[in-house]
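In what comes next, subunit A is part of two complexes: it sits with subunit B in the first one and with subunit C in the second one.
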Partner chain A sequence: MLGQLVVSSLALGSIYALTALGFAIIYRASDVVNFAQGEMMMLGAMAALLLYRDLHLSYPVAFGCAVLISMAVAIVVERVAFRPLLHAPHFTVLLSTVAIAQVIRSGVRAFYGQELSSFPPAWSDAPIEVYGVRFTLLGVGIIATTALTLIIFLVLFARTNMGWAMRATAQNMRGAAIVGVSVPRVYSQTWAIAGGLAAVGGILLAPLIIITPDMGVIGNKGFIAAILGGFNSLGGAVMGGFILALMENLIGVYISSAFKDVIIFGCLIVVLLARPTGLWGTQKLKRV
Partner chain B sequence: MLRRLLLTAGLLTGLGASAALAADPGVSKEEIKIGMWSPLTGPTALLGTSERDAVEIAIDEVNAGGGVNGRKLKLIVYDDAGSPQEALAAVRRLIDQDGVFALIAGSTSGSTLPIVPLINRAKIPFVASISSNRKLLDPFSRYIFRAYSNEVAQADRVIEFALKQGVKKPAIVYTSNDYGIGGEEAVTHRFQQAKVSLVARERYNQTDQDFSAQLLRIKQSGADSLFVWAFAAESGIIVRQAREVGLTMPIYGGGGTATPLFPKAAGQAGIGVVAAYVAPELPESSFKPVADYREKLKARYSGNPPPGRPSEYDLAGYGALKIFAEGLKRAGSEPTRESFIAALETLKDFNAGTIFPVTFTATQHEGTDQSAMVRVNDANHWEIVKR
Partner chain C sequence: MILLARGEMPDSPTTASPEVKRPISVNARSLLLLAVLVCAIPFLAGSYVQFVCLLALINIIVTTGVNISMGYCGLVSVGHAGFVAIGAYVTTLLMTYSSLSFAPAMLCGIVAAGIAGVVIGLPALRLSPLYIAMVTFGFGQAVNLILLNWIEVTGGPNGMAVPVPTFFGNDLSNTGIFLMTAVACFGSLWVAFNISRSRLGRAFIAIRESEIAAQSMGVPIALYKTVAFAVSAMFGGLAGSLYALGSGYVNPDAFIFLISIMYVTMCVAGGLGTIAGPVVGAIILTILPELLRPFAEYKEFLSGLILLGFLVLMPRGLVPLLTSWKSRLMPKLARQPAPESV
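Now for the complex of A and B:
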């Protein structure tokens, strides 16, 4: 049973992890929580559906194009809803991201109507049983794609100039600017990457659930995962995603599914009280 | 000053004149105003847009035939986006500002039940055709009439059917809204009467997308059948995930499951699922009243009705307006809210064509307790297995 629970949690945890990572990189770079992250997921899934099912592109091509589209949208969002508010209070910027979420959701609904679609799975969703644990190739595909995405992200982040500039900006924006980092470009790149991560999460999630303009609500789970793991720790956010998925299933099975959210949010408060920056988060020093 | 006096005087005469014409709001010489609030946007927009189109199509038919006793029907619709707060504001506006004569259709249970006290206070008649929650008419309200069977009646039919198929250890998974909780109560109650107890009762929150925990618990419980009380899209995900975790037992659903969206959402996993269905005919039926309606809906959308349409809510909304018009006709040439209620209570086996015949009496405002049983066939479409 426990084995089954862990396996069942991995696919969903992957998606939570990608979303949480998207939240965390924007937060690290700009101290802002982007509440449109869930909507970016939905947008990615919608784009992939259109390209894959309606335009009959092959899955990898549709996948790649949808991710690129989402990255482009994220760059636009950053330019219109974030950068003009660079010196505005945090609360204003936060409201701006909430507004963007609403614009995307309502826009997609106006364009797409109330249609709900199931995304044809790229890998078989017929269950396979190994030593009493059931899983699907689809689940394996989701986990593998997530792992691949995380590796690509890690390489970009740790081994390229772009990653170096992003890290420098996150540490000290003014200092980075002085040594020649183009901070506006770093912002664009950060949002683009977050948008891309959201799209990957959304596309992977799509065949597990149903595509509707409202599927972005699952972005909230990524938000909780990021808080749990640590909003300013990228690895922490990823771990937070897996922990959250596992917790949900453990509580659901061994305690009660009705109290799942009560207990998870209760735990969240405890974690925040004990470690205000999340499990892996570190205190960012602010000099006054 | 003089101007204000004159205005007041004019207003008073105006008021006097209209009071002499009809005692109740919403009725003028030429027309009768009907109010509706429904989710036209948001996740449950399919319900609201279906009912609105259906009510409007039926009104057009009535008006094309000269209206009711010489008066045309006029519909005022507000969107509640499925939110109880917006529903309350919409109904207040319909009653206080628009001064409608009566209400029709309504919203999902969650946005209809909170309106009941308001309806009772305003003493305004309401012909309901979306909410299936028992509490809409329990406690009884003489102002509310329901056009189709409530969840208790739906659960009765499904369970009757399931018991005949030999179900002994049922489990239920349900959503934590009025529809799901109402269904869970009805299912539990009906099984108790049959001396069968549920081996697992699993609940989930409305925004949940992953149901592994609930389904694994049901698997552990050794259940021999699964009842799903959730709206169509979620039912679809639940059924798919149920098959994935290895639940192979028969699956049964309530009225919320039996919509064209379910087979789309569930895919192959949905084949064989049985559910209660609130009308005697499927929306794609060739039965004449339904086929005629479908043509009119097509014309309304210039040949291209939105996906999932017509839905059973089209059929219910159409039937509700036909019931409404019949009551109004029987209420005579000077209808009041009271005479309209009295007239509706004389309806006996009234057949609107698209829903089961309804009968209302002074003490019974549940129009019918009938539902059909439908099953997803091998072509992944609903088919009627028992009327």
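Now for the complex of A and C:
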């Protein structure tokens, strides 16, 4: 039973992990929680739906195009809702991401209608049983795609000039600018990558749920996962995603599924009391 | 009376020149006139306009509370709808299941919200702003989920009807509730104004500017942060109980995360850390959706765009912007000493 729960949490966990990673890289680079991440997920899923189901493109092509569209939108979002507010108070920037989320959500709804659609799964969702543990090809596909995405991200982040520039900016924006890093370009790249990660999450999530313009609420789970793992630690955010999914399943099965989210918030507050920066986060030192 | 307290944001441009630090002064007579005008609304306007104005007054109470914790003390709260919900539901439940009259029920609602504020404030003491946002977000969600799922008591998603409040044996009319709300609103503003001008308010601002500096000057930050949260939650509780009485019906949909965000937006759009800012923000953002009603399906889209425009063009809010314009255009007026304050 426990093994089964762990296996079935992996697919959901990888989607949370991708979203949480998106939250975390934006936060590290620009000190902002981007509350439009959930809407980027929705946008990815919607774009993939239109390309795959309605325009009959092949799955990988539709997948890639949808991710590219979301990245383009993320760049626009950064330009409109973040760049003009670089020197504004924190709360204002936070709220402008909330406002842009509302614009995206209601824009998609006005364009697409409040229709409920389901995404035809690219892999079979018939259960397979191995050693008493059931899983689906769809789940395996989700996990594999996530793993691939994370590897690509890791290579970009650790091995390319772009990654160096991003890490330098996260460490010290002024210092990075002094040694010749174009900080505005790093912001664009960071937001684009975060948007892409969210879109991958959204497209992978699409076959599991009903797609509506309101599906972005799931982005909140990525936020919670990032908090749990540690907002300024990328690995922590990814782990937070898996832990959150596992906790949800365990509590849903063993305690109560109606009060699942309430209990999770309770656990989260306890975790934060013990480790105020999340499980893997580190405290930023402040000089007076 | 002085309508604007001296609580500009840390890096606001107004702090650069000394004379603009002077608050705009409004004499007591014009404020009295305003109070009379507000109280005249139920006798002049139709029931729809009256209800919108009631909502605006209630929102002013909430945002004034949010402003105390967030604007003065720098503690972000994205779960204030939770406090409002506690105020509303405690009042409703007590009036439904016990024979309490509306006034003690409201008092219990306010106290319950205050206690919730302390409980939420305690973990927040150790945390940085982002995590305080998280805790308050979780609190708001948790309250909403409990209201949705505890069907035997709260009626779940269907909500509850609020019994008609009676006042010395007579049913309290809509006008009576409106007047009560107006009094509560002006009272809250008066309390918030006095807090902002007291030792407590100065301590809040000191904590917002630099926690470490405040602590080393002897400000007990743990105590004051908890107080800030509790006071701010009690304002929410008061607004919630008034909302319950005024609308006659409560359901969890009125207290979702987006509503909490709306309260914060009202404060930021009006101007955090000023007394007038949240008032202006609450009035504008309560009326805006009503004005956009004819646009039906584009309503949300337009209000999102307008909001974004507000934030990008006036990152520090409307009131600080107007204050700095006014002092630039009329430097003499701004430099005049304020008349006697209340």
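Note that the second predicted complex is superposed on the first by the 285 of 288 C-alpha atoms of A that agree within 3 Å, B and C clash if a C-alpha of one lies under 4 Å from a C-alpha of the other, contacts with A are read in each partner's own complex, and residues count from 1 in each chain.
The criterion applied here is as follows: a residue touches a chain if its C-beta (ideal position, glycine included) is under 8 Å from a C-beta of that chain, and two chains touch if they have at least 3 such contacts.
Note that the structure is a prediction, hence the values are computed from the model and not measured.
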item: Partner chain in contact with A:Asn249 - subunit B first, subunit C second, else both or neither; value: first
item: Touching partner for A:Met1 - first (subunit B), second (subunit C), both, neither; value: first
item: Touching partner for A:Ala81 - first (subunit B), second (subunit C), both, neither; value: second
item: Which of subunit B and subunit C A:Tyr187 touches, first, second, both or neither; value: neither
item: Partner chain in contact with A:Arg134 - subunit B first, subunit C second, else both or neither; value: first
item: Partner chain(s) touched by A:Leu116 [first = subunit B, second = subunit C, both, neither]; value: first
item: Contacts of A:Leu12 with subunit B and subunit C, given as first, second, both or neither; value: first
item: Touched partner set for A:Ile210, first subunit B, second subunit C, both or neither; value: first
item: Contacts of A:Asp125 with subunit B and subunit C, given as first, second, both or neither; value: first
item: Contacts on subunit A seen with subunit B and repeated with subunit C across the two complexes; value: 109, 220, 258, 261
item: Subunit C to subunit A touching residues, read off their complex; value: 9, 11, 70, 76, 123, 126-131, 133-135, 137-139, 141-142, 145-146, 149, 210, 212-213, 257, 261, 264-265, 268, 272, 297-298, 300-301, 303-305, 307-308, 311-312, 315-316
item: Complex interface listing, subunit B residues touching subunit A; value: 41-43, 45-46, 49, 176, 202-205, 207, 209-210, 212-214, 216-217, 220, 233, 236-237, 240, 243-246, 261, 264-265, 267, 306-308
item: For the subunit A and subunit B complex, residues of the former touching the latter; value: 1, 4-5, 8-9, 12, 109, 113-118, 125, 127, 129, 134, 136, 205, 208-210, 212, 214-215, 217-218, 220, 245, 248-253, 257-258, 260-261
item: Of all residues in subunit A, those that touch subunit C in their complex; value: 27, 33, 80-81, 84-85, 87-92, 94-96, 98-100, 102-103, 105-107, 109-110, 220, 223-224, 227, 231, 258-259, 261-262, 265-266, 268-269, 272-273, 276-277, 284, 286, 288
